[in-house]
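Read through the structures below before going on.
Note that subunit A is present in both complexes that follow, paired respectively with subunit B and with subunit C.
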Partner chain A sequence: MKEKTRRIVAFYLMISPWFIVFLLLGLYPMLYGLYLSFTNYYGFNMNNLKMVGFHNYRTVFTDSEALYAMGRTLLVTVINVPLGTAIGLSLALLLNRNIRGGGVFRTIFYLPSIVPVISSVLMWRFMFSNDGILNSILNLFHLPRINWLGYDYATVSLIIMLLWGAGGGILINLAGLKGIPKELYEAASIDGASAFQKLFRITLPLMTPVIFFNVIMGVIGSLQIYLQPILLTGSERSELLTRPIQNNYLYVVHAFLQIFAFQRFAYGMALLWILFIVILLITIILFTTSKFWVHYETEQEG
Partner chain B sequence: MNVGSSKWGTSVFYVVLIICSLVFLLPLYLAIVNSLSSWYSAPTIVLTGFHFENFIYATTLIDFLKFVKNSVIICAIVLFTSTMISGLVGYAFARIKAPGRNVLFMIVLSTMMLPGIVTQIPTYILFYKYNLINTYLPWLFWGLGGNAFFIFLYRQFFATIPKELEEAARIDGCSIFRTYWNIFLPMSLPVVATVSIMNFQGTWGDVMTPFMFLKQDLYPLATALSMITYQEPGSKVIIQQVSLAAGILFMIPVIITFFLGQRYIVEGIVTTGVKG
Partner chain C sequence: MKKAATLLSLTLLLVVILSACGGNANSSKNSDATDSNLSDATNTSAESGEVVTIKTSISDGELSKDQIAEFEKEHPNIKIELDPVDATKLAAKLATGDAPDVIRVNGVFDVPNYVIKDIAMDISSQIETSSVINKDDLLPIADVYRFDGKQVGAGPIYGLPKDWSNDFAIWYNKKAFETAGVPLPDPSKPLTWSEIMDLAKKLTMKDGDKITQYGLAASEWGKTEPNFNNMLQYLLSAGAKISASDNASVNFDNPAVKDYINMWVDAVKSNVGPNSLNNDQTSGGDLFTQGKVAMLIDGYWYGGVLRANENTKTHLGDFGMLPAPTAPGGKRVSPTGAATGAIINKNTKHPKEAWTFFEWYFGGKPADDRAKSGWGLPIFKSKVSLLPQDTDFDKQVYQVLQDELKYSGDYLEVNPYLSNSGWAIFDKYVQPLYFGKSNVDEAVKGMTKDANVVIQEAMNAIKK
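Up next, the complex of A and B:
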């Protein structure tokens, strides 16, 4: 009995730093932000807040910029996440055999994903510039030059830059591939299955949990992108509070500018809560679809 | 696996791997080559010179060292607190049975899913209200709370350690905290390394949090580089070669720590990531 109390006390003592900070700097700000989103807070009227009900939320749906930005964000997500997931998986498939130099290739593919955003923006911005390297390469092949950071191609350029880091997914994919029992492939070989069949009948179905995980994390991350568009296609002076080019005006960029450039705190919080709800809805939808395409081990046993 | 087509297959396979590698390395290669070329020269694909002075200019045209110092302070605060506390919390979740444990762990997991920005901006408003803006205190507070993802990593690791170890320690009269400190923590060095590296890389590269919570004098290098451009005194033209040099300098610590800890990170993700 005494031992048990000691254990419980120890548990709560040990988690208390996390729990206290979670309450004070996690839960409380979250609810405080929710509260602010129902007020008219605009930076200077903290002592004179008025409750305005759902006014800010209604504004979001009449704010053409917010709706546009949400559309662009969904578009970027719909392109970026499947491609990024596919690249991560394909590279892992390439690496998933005992080849000489496998570790070197793994490092090369993984490396771009750890390059800090600011460094990769500096590099890509340089490459994308009008008389930059990508255009000289196009020139070599007698292709017309492209205004990479201009209106028509800005989103393409943003996605290229994001996909450069897609190798970050190979570690978890490799881990997943290592977890597929060898016997399955051996059995398939005996039955005369081709490499192609093995890929589509064994590897991919058994990798669906990992793919699913990557898609979920990718969507959550992708919907919140804001630093890259601002830095890549904002002003040359690299001010953090400048608008990126219209096509890369993503949702969190909009929220961020409302808050930090225009002091529309209450409205900005409403924007963020709507994003949170969108993320939640998309996650729930993905989870409900998962039973149709994600393979779970437990089903087999049951 | 197929013996017959192996020779052909292998060479095609290597060609594909090498092409992919070239694509991934291209931006890094071009950044290095161009950071070594002379000022205002046209972008180049081949090495045109060895203007190493660009790297010196990168550190002298702006208050580079001051920003590095700020980065180091922030990283040190976060690294020391968050790595340690996350371990302690992860250990408690993995090894100590107590009522409410599962519910609390669900909270940890759900905070991992929460978009950071939903809490960060109201936190900014709160700190602004209580005049804590423009200090490093927010990082200390966040650090003292650990980090949900790191707690998760530690917990996954500690959960794999056999129970006998703990029982032996208890019979020897070891307190719970000492069991953690003297037995579990030393065993978890690979996780400590993984967490420290990820923690460092995340904090070092973070542009936005310092932008919100600090003023320019206290900016770390990441924020400074995104706000300040390299130009000749009096001129408005950006010196691309020096900017690139700064970008390269900025990622060097991240890449070094990655190479130092690569083994642990790979191991850590293999052992903990999948079962999650």
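Up next, the complex of A and C:
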């Protein structure tokens, strides 16, 4: 018994640097935010807080914006994540071959993940502009110009820009591909398997854990997008507090503007906690489906 | 079980520690607040000889290192520290009680809002007794920093503008008028906004599909689209009020609001400037300095840009200022749209030193320096003559300005609870109109609904 206590104390002592930092900088602010979401906190009335119960949460479901924004966010996620994952994987498959200059391509495709968001968005903003490169290409084929940042195409443009960064998953995909044993391919070759069969019977099944990881991270990231729409289709100055065009009014954009443009801190906290629950639910759903399609080499514990 | 118990006790311990911290922070904040109470002016924490640091969010472009050094030499007991904050950071700093002592603000939108939030210090008595700032020498525009709880322009003084401009005036490029074969309007009397729009359409030149010259840019930074600020000037001229007298609600369903929106939506659809429809990403200011747009809505300060810009300073004679337009049938007004300046943080620990700095910055030598530079208008009658008057360009602008000054004593009607939240709400409902996705009745209805939610929540938070 004494031995056990000693071990427990030792365990917590050893993890204490991380654990204390987590409590102080992770858990405490989060719970504090949760508490604020039940008050009427407005940015300056800290000494005069009133509890308002679920008022802010009710507002999320009754105001004209939050649910609309959630719908747009889910739409962007549903398009962005599968496409992004597929592109990331295909690029990795191409780059996995031993071709000359492979390293250069790897760098090029990974570059969008290194360029700061603000500069890449500004670059795209010019490419999407009326005299931008995209319209020039359309012009070359005698096609009509498109208002890329206007009402009808803004979301398409946003998704194109997001997919440009799909190479970010290349590193982890490549690591996954390198981990597939060579013997499997050799055995398949001996059995006379075609390249397609190898891809669909060996590579993809063995890559499912990596794909699964990319999908989960992609969904979590996609639901929290806010900087790109604000910078790409913000209405006026390239400032963070401007409103993007209606179609790109995503959920976290809404929360960000409510908190920092309108000082509706409490309502913003409620918005973010609801987002947390949505992310949690989607992740749980994805995890339950995973046992039907994700292939693990080793037995997984419950 | 044992594990859980240990975890629980650890957590509890931390919670206790943290709540203790929180309690301390709160109580010390309260005592600060009483310290800094004005009636307690003698109770300031700076004893003689002690050096105190005054933090200000005035930017380094507006307060140079040399100026700071000069001030610190004259006042060895005060150190000035620049604490640049954007709106986001300031909101966070105000929330944690860590805001600068002298806070840079947009006079028109922030002052009423900061007053009702109890952030701005009443400096009426300091101004009354000041030897640097002569109250009788102030132009009416300085009163934009006064607020009596309901209306701007009356009540206690909460701060001063560092400078200001007649922000709704029109700058023109004579060459562009000649290209279009349109005569220059008479600068001695204002046009109406609808006349400006008609003029803008005539000045917009096309070569086939391509626009070679725009008629109008709505601002130096963005697109030729309406904005909340600009609408408030139109409403002021039309004599239309959208806020209830106690500011507890706002109603955009007003004929003047609809006229304003319709007029602008038509202008956007006619592509008189870069906008969301033609997706031209060049800013109004770039177009104007390159001679590709005939008119630009901006205040006196824009003359500073023209004097400094490489493209324009060689032929300044081509440019000039027209008075701020009016609503059709409305009265002539030329209010300021911003009047950037500062307030003193009510919770400052050093109200006396903060005032010393404030007085020097707004009434002392920096004020003269600013007036001479021509980047904005002074707030003192006696300093107006310091403005540049050398070149023909300076003279034209200065002359139009003399008239404009007579009409600058009206203030934009800003709802203190809504403050500048109006910008985003206005944009949200007007933007779909350009694309024909909504109609003006729905737009004003939506604006009214959203704005009243914000007002209601702000009022609930302020009510003790």
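What we mean here is this: the second predicted complex is superposed on the first by the 276 of 302 C-alpha atoms of A that agree within 3 Å, B and C clash if a C-alpha of one lies under 4 Å from a C-alpha of the other, contacts with A are read in each partner's own complex, and residues count from 1 in each chain.
Operating definition for what follows: a contact is a pair of C-beta atoms (placed from the backbone, for glycine too) under 8 Å apart; a residue touches a chain by one contact, two chains touch by 3 or more.
In this text the structure is predicted, and so the values were computed from the model without any measurement.
Following the overlay on subunit A, a clash is recorded for the pair subunit B and subunit C.
In the superposition on chain A, A:Phe265 contacts both subunit B and subunit C. In the overlay built on the shared chain, the residue A:Val115 is in contact with subunit B alone; subunit C does not reach it.
Of the two partner chains placed by superposition, A:Ile277 touches none, neither subunit B nor subunit C.
In the superposition on chain A, A:Met46 makes contact with both subunit B and subunit C. Of the two partner chains placed by superposition, only subunit C is touched by A:Asn147; subunit B is not. Taking subunit B and subunit C in turn and counting the residues of subunit A each one touches, the greater count comes from B. By the touch criterion defined above, A:Phe126 lies against subunit B and subunit C together after alignment on the C-alpha atoms of chain A.
In the superposed model, A:Leu240 lies in contact with both subunit B and subunit C. Applying the stated contact rule after C-alpha superposition, one finds that A:Ile8 touches each of subunit B and subunit C. Among the candidate segments 127-135, 181-189, 199-207 or 253-261, the part of subunit B whose C-alpha atoms clash with subunit C in the superposed model is 127-135. In the superposition on chain A, the residues of subunit A contacting both subunit B and subunit C are 8, 12, 19-20, 24, 28, 41, 46, 126, 129, 131-132, 236-237, 240, 259-260, 265.
Residues 2-3, 6-7, 10-11, 14, 18, 26, 29-30, 86-88, 91, 94-95, 97, 117-119, 219, 221-223, 225, 227, 276-281, 421, 424, 427-428, 431-432, 434-435, 437, 446, 449-450, 453-454, 457-458, 460-462, 464 of subunit C touch subunit A in their complex. Residue ranges of subunit A in contact with subunit B, taken from their complex: 6-8, 10-12, 14-15, 17-22, 24-26, 28-30, 32-33, 36, 41, 46, 91, 94, 97, 99, 105-109, 111-112, 114-124, 126-127, 129, 131-133, 136-137, 164, 167, 171-172, 174-176, 178-179, 185, 189, 195, 210, 220, 223-224, 227, 231, 236-240, 252, 255-256, 259-260, 265, 268-269, 272-273, 275-276, 279, 283.
Partner subunit A is touched in their complex by these residues of subunit B: 1-2, 10, 13-14, 16-17, 20-21, 24-25, 27-28, 30-31, 34, 42-45, 85-86, 88-89, 91-93, 96-99, 101, 104, 107-108, 111, 113-123, 125-126, 129, 141-142, 144-146, 151, 176-177, 180, 201, 204-205, 207-208, 211-212, 222-223, 225-229, 238, 240, 243-244, 246-248, 250-251, 254-255, 258, 262, 265-266, 269-270, 273-274.
Within the complex formed with subunit C, the residues of subunit A that make contact are 4-5, 8-9, 12, 19-20, 23-24, 28, 40-48, 50, 59, 63-64, 125-126, 128-132, 147-152, 235-237, 240-243, 245-246, 257, 259-265, 267.
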